[in-house]
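We just call them A, B, C and D in the order they show up, numbering each chain from 1.
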Amino acid sequence: MSKIFLTDAPVVSNEEVANRIYRLKLRAPEFASENRPGQFINILTNPDGAPLWRRPFSIARISIDIIEIIYKAIGIGTNQMAGLQSGDAANIIGPLGNSFTVDIGERTPLLIGGGLGFAPLVVLRDYFVSRTKRPVLFIGALNADEHYYTDDPDADLNLSTDDGSLGFHGLVTEQLEQYLDEQEAGTEFMAYSCGPEPMMKAIAHICRDREIPLELSIEREMACGIGLCQGCSIEQHLPQKKFALVCKDGPIFNAMHLTFTD
Amino acid sequence: MSKIFLTDAPVVSNEEVANRIYRLKLRAPEFASENRPGQFINILTNPDGAPLWRRPFSIARISIDIIEIIYKAIGIGTNQMAGLQSGDAANIIGPLGNSFTVDIGERTPLLIGGGLGFAPLVVLRDYFVSRTKRPVLFIGALNADEHYYTDDPDADLNLSTDDGSLGFHGLVTEQLEQYLDEQEAGTEFMAYSCGPEPMMKAIAHICRDREIPLELSIEREMACGIGLCQGCSIEQHLPQKKFALVCKDGPIFNAMHLTFTD
Amino acid sequence: MADLTTNLAPLTLKNPIMPASGTFGYGDDLPDFVDISEFGGMVTKSLTGTPREGNAPPRIVETSSGMLNSIGLANIGVEKFIEEKLPVVRNKGTILIVNIAGSKMSEYCRVMELLEAESGVDGYEINVSCPNVKEGGMEFGVSEKHMKMLIRELRDITDKPIITKLSPNVTSIQAMAEAAVEAGTDILSLINTLVGARIDIEKQRPVLSTIFGGLSGPAIKPVAVAQVFKVYEAVDVPIIGIGGIANAGDVLEYLMAGASAVEIGTMNYRDPGLGPKLLPEIASWLDEQGFESISEIIGIAHE
Amino acid sequence: MADLTTNLAPLTLKNPIMPASGTFGYGDDLPDFVDISEFGGMVTKSLTGTPREGNAPPRIVETSSGMLNSIGLANIGVEKFIEEKLPVVRNKGTILIVNIAGSKMSEYCRVMELLEAESGVDGYEINVSCPNVKEGGMEFGVSEKHMKMLIRELRDITDKPIITKLSPNVTSIQAMAEAAVEAGTDILSLINTLVGARIDIEKQRPVLSTIFGGLSGPAIKPVAVAQVFKVYEAVDVPIIGIGGIANAGDVLEYLMAGASAVEIGTMNYRDPGLGPKLLPEIASWLDEQGFESISEIIGIAHE
């Protein structure tokens, strides 16, 4: 288990990278040696009042002493975060949770993100690229305005939009199926995905049919983020343990283990 | 009764005029014809959350379409207010409460403020000055840093500090007594005061001994500020009405009517 | 546009939002920016047989997302109400509900009898639950037996709708609701305030002069929603949901839990015009979801 | 510096702050920045006779200044606790209180009997008030008769201190406190959570899978302080105050209301290291006010 810190991390920058989507960089040197791809941090968005709970965000990137998250301002906590400026500090707990399987031998990594769901996959992309693997990325969004990751020379980048305003016109799942159908028989993949649950379910079906192992990054509302409240439970197939904790047993799960992908 | 407005008043300026003491100017043209000296406004310091109640502040000055309050940042609501900037708006209800007696014939107005307590007296000073009466002002504070009203060519200004760092070295009540003792017999005064209750009590005793009528501006925690909750009660001497509402029957009271001045 | 009329049999309200008792005075002395006729109904401050000064100050204090009050039923008394207030408020263009309280059964009865002789009162809300009266106002709200006795007496006096306002400070809210209905209650309203206290650590004493007060505001909303949900399953009369309502979503929550109308209390202090401001949002929510009237969502969370 | 030791006879705690049951696991699996030995005591998650998976998700939701939970006593069971956790937590340098729950009296007894055979447990907190168990865990907490039966049985099993944790969801907390003491309780802790619910207006269904959950957090503090205040006047045993504690002032409020120690629950989720961080502020407040020990302010608001 990695060491967990509670720290007031200085804000390096907090930039709007797409429509209400922000990239927040925090200085957290403690994290450098501890963080593994797929882990998250829990931010106290308002030290003086509401919301009561911290808000969890995947670590999207880490470089020496800087961690980066990508978030969308959608409610009370994330709107407070949108006001953070360099000079402020964010009280964070992390790194939290388990991590993606990265020892995948000769398999080609397939990273499939829906909307904001690409955030936790960026760090995985970095991992593979730095180990000279060329990952295949699929990122879907409603429209061009929601895309914030549109260029990557070190990966095969496939973008799609529901309205056709950027890249493939259609669902990320359709683009993924087309891609897989075009591959030579025998190519081995390892898939990772994060996004809305209906999307992840569809991807689970696609991967199951083609016997591609798949790991999902799961979101649940969290009171503590560190396994203390037992609140973030999710149903899984293990008979001896019906509920897993997303914050501690997850957020990364083998798609086959969860019941919602059935 | 004056008309009461609820309005998003644009912030004109919000300036720190002394140690944690701010002067907030709001554009509220509705108030111009309605406001009388001694009234107050009730500010929603945080439209999205805590504190639950609005916060009441005396109107310190009014000129055409601008109202001005002077407040000290001492807690949750006032600290939020300290962050207001021109371009923001403050949701206010007002003008509220009764007002000072201003028809005082030939009497000389004595305005006695302790600390922030001078705020509601400023508008009264303006009233008299504009009617070519020269009021006598007494303002006491802990030290020079707490004084924000240090110059007034149109009034007799007497400043005091507990530590002697500005003006008379001692309590405002001592300076007031010295002053009154020096006046010719027969000079008639009308006194007005606002400040900490022990100070107002002492002033009530001084005025009673000398048969000077005295009006006090009273502060109580208020849930509504408009007479609906019955929460801001204060004990008075009227046998048929034991409790008055500070927000509606006040905030201005004849010192003789209140029991705390006994 | 969706129909906001709500059936609070035997009453019909043009919309489901009323001010809660004790937070809107007698409906006559409101700031100019509030138009009482825009509410579905007006509920008065609790009236007692004789005028009451209320408890000694301090009688209010803020808490996290709420407040405590120990006003102690300060009111002008039923006679002055009839003389000075009723002539004004009965013409405000909305349903008028007079809230009645007392320390003894006979006091409740006297208030109601005097009001029965007047026109313009559409219904009575019976405050059996005010925790701030020393002489026993509380006991009706926490004892099935006493509450039944009281409501039966009042039932004999009036044919107008009786709304019994329940106290949340009981082991079984269902049992109290059943007792109230058995005794002849037409409509239930809930909740009144929760018993609470704060200590002033500077003074090392309770903040309120009465030590205990009533907790209200958004802090108590989950308790109130739970009790409305339970009462909806226990009895067959319409329910008015009360407790911590601050926005249109809160109103919808109560309706879905089983309330046919709501009262807004503490949040009026932030903005007494809040209630009617929520109506357009509620209407457009209903429209978007394809509902044609409020009645379609009442109790929908039970399905 | 003022003495923070507090007498929770028959226990003595080095300071008055403990984590509340269900918010600190078993005390073994905490983040690195929390040092359990800095707490006055450690209270475990409720343990039952057999492991429990808990209720179906969703089982938590935020509310205004609070949260609802319907965890449903998810726990590893007493046997696994004894095997895997007890050897670790009994050596943490603080008093260890094991919280016990069950659906039947026999289950509580079995848990206690198994623990009695072990060393390292300093006392038991009996959860008679968990609202999230279907089969009857609740009834002990709301019925004087059932609670007495339960506590008497447990009293026969152990000579260690029994802390009975009271439910706030009753008409008379004093009556429940008196019943618990009569049956042999050494110490009372209160409050457990208030029954509450939220409706998800999008889904038009209750948020929690169990409909009702337990409300905790700063929202409920006034209710808890009032109940502590009442129980302090009703019985003579030490009290542990619980409910919404977020800062040093809150701890002082509970002490003044009559608690000899406190447990912090929900606010641990913001910062599990919160409790010990409040101790220096409490000590310097006592110093400034001229108190030499915690004991001087316990119940001072009653004077």
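In the analysis below, a contact is a pair of C-beta atoms (placed from the backbone, for glycine too) under 8 Å apart; a residue touches a chain by one contact, two chains touch by 3 or more.
This structure is a prediction, so every number in the text was calculated from the model and none was measured.
Visitor: Could you find the chain whose CA centre sits the greatest distance from that of subunit C?
Guide: Measuring from the centre of subunit C, the most distant chain centre belongs to A.
Visitor: Measure off the straight-line distance from the CA centroid of subunit B to the CA centroid of subunit C, and report it in whole Å.
Guide: 36
Visitor: Please work out the Cα centroid separation of subunit A and subunit C, and write it as a whole number of Å.
Guide: Inter-chain centre distance comes to 48 Å.
Visitor: What are the residues of subunit C that contact at least two other chains?
Guide: 64-66, 217-218
Visitor: Give me the residues of subunit A that touch two or more other chains.
Guide: In subunit A, residues 50 touch at least two other chains, as defined above.
Visitor: With chains as vertices joined when they touch, what's the shape: line, ring, star, complete or other?
Guide: ring
Visitor: Which chains touch, pair by pair?
Guide: Touching chain pairs, listed by label, are A-B, A-D, B-C, C-D.
Visitor: List the residues on subunit A that touch subunit B in their complex, please.
Guide: Per the touch definition, subunit A meets subunit B at residues 48-50, 76.
Visitor: Inside the complex, what are the residues of subunit A that reach subunit D?
Guide: The touching residues are 3-6, 44, 50-54, 93, 220-221, 223-235, 241-243.
Visitor: Okay, in this complex, where on subunit C does subunit B touch?
Guide: Subunit C reaches subunit B through residues 22-25, 29-33, 53-54, 56-62, 64-67, 69, 71, 74, 217-218, 266, 268-273.
Visitor: Flag every residue of subunit D that touches subunit C in the complex, lowest number first.
Guide: Residue positions touching the partner: 63-66, 68, 142, 169-171, 194-199, 201, 204-206, 211-212, 215, 217-223, 225-226, 229, 244, 246, 249, 252-253, 256-257, 285, 297, 300-301.
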